[in-house]
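Both complexes shown next keep chain A, but they swap its partner, so chain B is in the first and chain C is in the second.
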Partner chain A sequence: MYQPMLHLHWKQVRLALIPLMVASFGLPLLVVQGMGTVPGLERSTLEAYLIMSQSQFWLPFFPALAGVIGVTLGLSAWNWDHQLNHVYALSLPLRRTEYTMLKMGAGALLAVLPAVALWVGGHVAAASVTLPAELHAYPNELAFRFFLAILLSYALLFTMAAGTVKTTLRICGVLVAFIVLGNIATGVLGEYYTFFARTNVVEVAVTWLMNAPGPFEVFTGNWTLIDV
Partner chain B sequence: MNKAIELNGVSWKAGRSFALKDVSLSVPAGSIYGFLGPNGAGKTTTIRLFMGMMKPDSGHIRVLGRDVPRDMKSILTRVGYVPERPHVYPALTVAEQVRYHSSFYKNWDEGWCNELLGSLRLDPERKISRMSKGETGKLLLLLALSQRPELLVLDEPTDGLDPVVRRDVLTAVLDYVSEVSATVFISSHLVHELERFCDWVAVMDDGQLLVELPMQQFKNGIKRLHIADAPESADEAPFTILDRHRANGIGSLETWIVRGWEPPMQYYFDSVGATVRNVMDLDLEEGFVELLRSSRPSHKNGG
Partner chain C sequence: MSRLCAPLSLGVALLCLVPTPRLAQTAPVSNTDTAPVSDIQQELLLEIDSLLERSREAKARLLRTRQHHLEVMREPNLPALDTVHVASLRIVTPPDQAELAAELFTEVMRESFPGVERHGAFDGVWFPFQWNDRLEPIVVAGTAYPTEILNTVSRGGVKEHIEGKVWTALTSHVLGTESGLSGWGLVPDFQAPEQWHPRVYRELATMPARVARSCLAQDSAACWSMLGLDEGPDPVREWYTPEERRALVARAEHWVERAAEDLFVRCTDQGSTGACDELIAFVPRVYWEVSSARARTIMVSLALEAGGVSAWARLLETPSMPPGDALRHISGLSTEELSTRWRDLILAARPNVHAGFGLTQLATALWVLLLAALATRSTRWRLG
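Right after this comes the complex of A and B.
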């Protein structure tokens, strides 16, 4: 069952996934572009600083690309079932949870492909430059973080897309309501209560989600291919 | 007698516009059961309820002796389903769709599937999105039959198909039934098509089951009678009057369309001083139309 499900998901997503895999392979190469390829050359501390500065420019592209891949995989997982009103899927002899897990598993395995492309690209990029003694390349760690970020965004979109449009709108509505009410609470209640004056609940939530041990830390953490 | 499908007092409501009202039906195992009704009568909704795709608001459903939706997984391994509209993945080829579908069924008959591919003239390499409605219909039937189901549920399987494809589809179904003692539940609004091979018939309209009978009884039971000197009121009649009107609009001769007629009931007319001039059989389509006409509020209100 799993293999046909994997094949089905691959057919659904391949036109979008292949260019994204190419981008995943190419992004580490862009990071090291122009950093010099003379083997065995001693490089100075100044050069190390310049290399670090140059590589910083590309950092936001890694989580962004991982997010796009995750969203693409998540949306494509349910696309055809939505088009067919789930009638075909519901007529198959397996529990809805089993069907969902098979689908989820197929997408998760496909998420490995761009991560592998980035891993290969990272190793090629690392091999193509001579780094100063202070710096090292981390293609394995970068590829692993990339994979986790894809998985997280995929899981989120997969879950949201699994429901009806009404459910998705409800979730979005709750999020928007939380943001609006949180900011209103700070603005209005802050005049009367010191707790609200000092604390913006939206900021607290965002900080918790985006920093360790929050689940989205994988997006905001260290994405450098080259580091000390 | 064993029942392949049993619905007891099933109700289901969708907003204010449509509701199934207290539907009870029982499909004998091994029968070919025709489920008739005009478009929007609730046929597809009924099917989706006993296929476990929707939950009823009230009532009980059993399919192949098991409870719906509790035992749905084991039920669906034994049921072949051809939905009303083509529900297969458009970007797959026929062979890919067959491979995908077969992976869910232990009893999948590969040999017969290949045979059906040939007899239904389906190209395995053809992409589903490029197939005609008829070809997609044949593919859906192939998928359902190759599972070797004990119950075959066909929801308007020949709707919109040309006569050649329609014949192919029905022939494949009948071949299967002749080979395996499967139950076939076939929903349609094409009455004449079901008349030829169904042994049970049920008629649904506006979310209600109007009648459920063996086909022969349904056909024999609905008659057109020509009555001379018909009584004003027929409240005591031992049959159901679906319609009555003056024959050709002249004289005292009336035409009655009745359900539940049997020859000994002639005594009723003798007792009220009327004479039965003629008793005519109605074919299934005429019977179906009269039944629907008599059940609709405009008719009941004399409109």
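Right after this comes the complex of A and C.
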């Protein structure tokens, strides 16, 4: 049963996924583009300085690309079911749990493709520049982090898309309300309770989400391809 | 325009800071009532209105704060303070803790700073002391004024705190006098935290200078030279290769191009090393200095540590020594030993670029499993 699920998902997402795989392959190459030389000068020993300063520009694109790929995979996973009102799924001799897990597994396997593309691109990029002794390339770690980030954003969107539109809207509504009302409530309660005067609950929540063991730490960690 | 001229520094500051020429053109027009107010003016005026309101609130807050301070000053039950002398140190403390303060300061000075107790470095310094002096901010319900509470700390913790204060006082004194170290460019606290070590490693690894690479390649003499110690007459030539000097000039275009355009062209386009060297003279030292203030402060910290308890006394004895001599004098170590220690310290602190990634992997896997479990519980197939 897994194979048809994988095939179906691939058919659904391939038009979007292939360009994203190309982007995943190309992004590490963009990081090292033009490195090792200074305009007007021959190849110089400034590589470490240039490499570190130039590569900083491209770093935010890695988590952003991972997020986009995850969202694409997550939304496309349920697209077909939603369009056909789940008739196909209901016709299968499977429980809902099994069906969901097979579907999720198919998407997770597809998430490997852009990660592999980035891994290959990372190795090609690292091989294409002669790094000074002080710097090292980390294509394996970067590719694995990329895969985890895709997987997380995919799982998030997959879960949201698995429910009804009403449920998704409720969750989003609760999140927005928490951010807006949480700030206001913290300000008001801070006048009366010491705890709230010292602690902004929204800030605490965001900090927790963005740092380990919060879910989004994988996005805010170190994304450098080349570092000391 | 009357709004613009309101006696409000905040609003005026905003207008001065807005760099749009459009505003400069439209501002006088609003005086005449002949032209319609543009959108940008409207926006700015609205913004100024909101700032006026905020300024009024800030003024009211300030007034309340002043009143509060006056009330506190008039409070008849304020605790009395006493001044205790421990050699040259003056300690301000509640009378019931005077004996304890003297005891603790005496212990700290004897253990960590022998020989400097009577130094003039403490002449202008007051040390406030109160047992349990770790303050934590709290807010009292119903008042807008933040206040602080005292938390219990151990005797060792208090002594550590005192040591830090004495260290800061001595550092300020050294940097404030015409000493060799004060002109060396140091961070105004000689207690270099460990977090600086990986940062300095990163600085070294990315510094476009031959001397930095040599230092990283375990050449301790290069490390010494890179820190600007026992500097020769032409440190730039010592630190940079001709190619690096050319690149330095190219990066410092802002400083050198106006100074001598002809030389700049000869340096960058024709590759004349002589022209580059002439141009570097126009560039401020901070621009081509290889080591950072952090790196140098780590060296001072290291020398003081190596010198033991009498290191401060030796440093204060000879304030006018050049930095290299001062470091050798206070540490009691040779150049080679000192630079090797510094180099080893920095090399050992090479940052672990992907530190904590294991925890990230675990956390992500758990979150993915949780989300998958939630997905299986969704309501799509539920009837009704």
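By our rule, the second predicted complex is superposed on the first by the 217 of 228 C-alpha atoms of A that agree within 3 Å, B and C clash if a C-alpha of one lies under 4 Å from a C-alpha of the other, contacts with A are read in each partner's own complex, and residues count from 1 in each chain.
Methods note: a contact is a pair of C-beta atoms (placed from the backbone, for glycine too) under 8 Å apart; a residue touches a chain by one contact, two chains touch by 3 or more.
Worth saying up front: this structure is predicted, and the values here are computed from it rather than measured.
Trainee: So which one touches more of the residues on chain A, chain B or chain C?
Mentor: Touching more residues of chain A than the other partner does is C.
Trainee: If you stack the two complexes on chain A, which partner ends up touching A:Met101: first (chain B), second (chain C), both, or neither?
Mentor: A:Met101 sits against chain C, while chain B stays out of touch.
Trainee: Going by the contact rule set out at the top, does A:Trp80 touch chain B (first), chain C (second), both, or neither?
Mentor: Once the two structures are laid over each other on A, A:Trp80 reaches chain B alone.
Trainee: Once the shared chain is lined up, is A:Phe158 touching chain B (first), chain C (second), both, or neither of them?
Mentor: The answer is second: A:Phe158 touches chain C but not chain B.
Trainee: Just to be sure I read the superposition right, which of the two partners does A:Ser91 touch: chain B = first, chain C = second, or both, or neither?
Mentor: first
Trainee: Touching A:Ala133, do we find chain B (first), chain C (second), both, or neither?
Mentor: second
Trainee: Based on the superposed arrangement, let me know which partner A:Glu141 touches: chain B (first), chain C (second), both, or neither?
Mentor: A:Glu141 sits against chain C, while chain B stays out of touch.
Trainee: Considering only touches as defined above, state whether A:Lys11 meets chain B (first), chain C (second), both or neither.
Mentor: First partner only.
Trainee: On the A-aligned overlay, A:Met1 touches which partner chain: chain B = first, chain C = second, or both, or neither?
Mentor: first
Trainee: Return the residues of chain A at which the contacts from chain B and from chain C coincide.
Mentor: 86, 90
Trainee: Report the residues of chain A in contact with chain C in the complex, numbered from low to high.
Mentor: 38-42, 44-46, 48-50, 52-53, 81, 86, 89-90, 96-97, 100-101, 104, 132-136, 138, 141, 144-145, 148, 151-152, 155-156, 158-159, 162-164, 167, 190-194, 197-198, 212-215, 217-218, 221-222, 224, 227-228
Trainee: Would you tell me which residues of chain A are touching chain B in their complex?
Mentor: The touching residues are 1, 3-5, 7-8, 11-12, 80, 84-88, 90-95.
Trainee: Under the definition above, what is the set of chain C residues touching chain A in their complex?
Mentor: 137-142, 201-202, 204-208, 210, 213, 216-217, 241, 243-244, 246-247, 250, 268-269, 350-351, 353-354, 356-357, 359-364, 366-368, 371-372, 374-376, 378-381
Trainee: Would you pull the chain B residues touching chain A in the complex into a rising list?
Mentor: Per the touch definition, chain B meets chain A at residues 48, 51-53, 72-77, 81, 83, 85, 87-92, 96, 99-100, 103-105.
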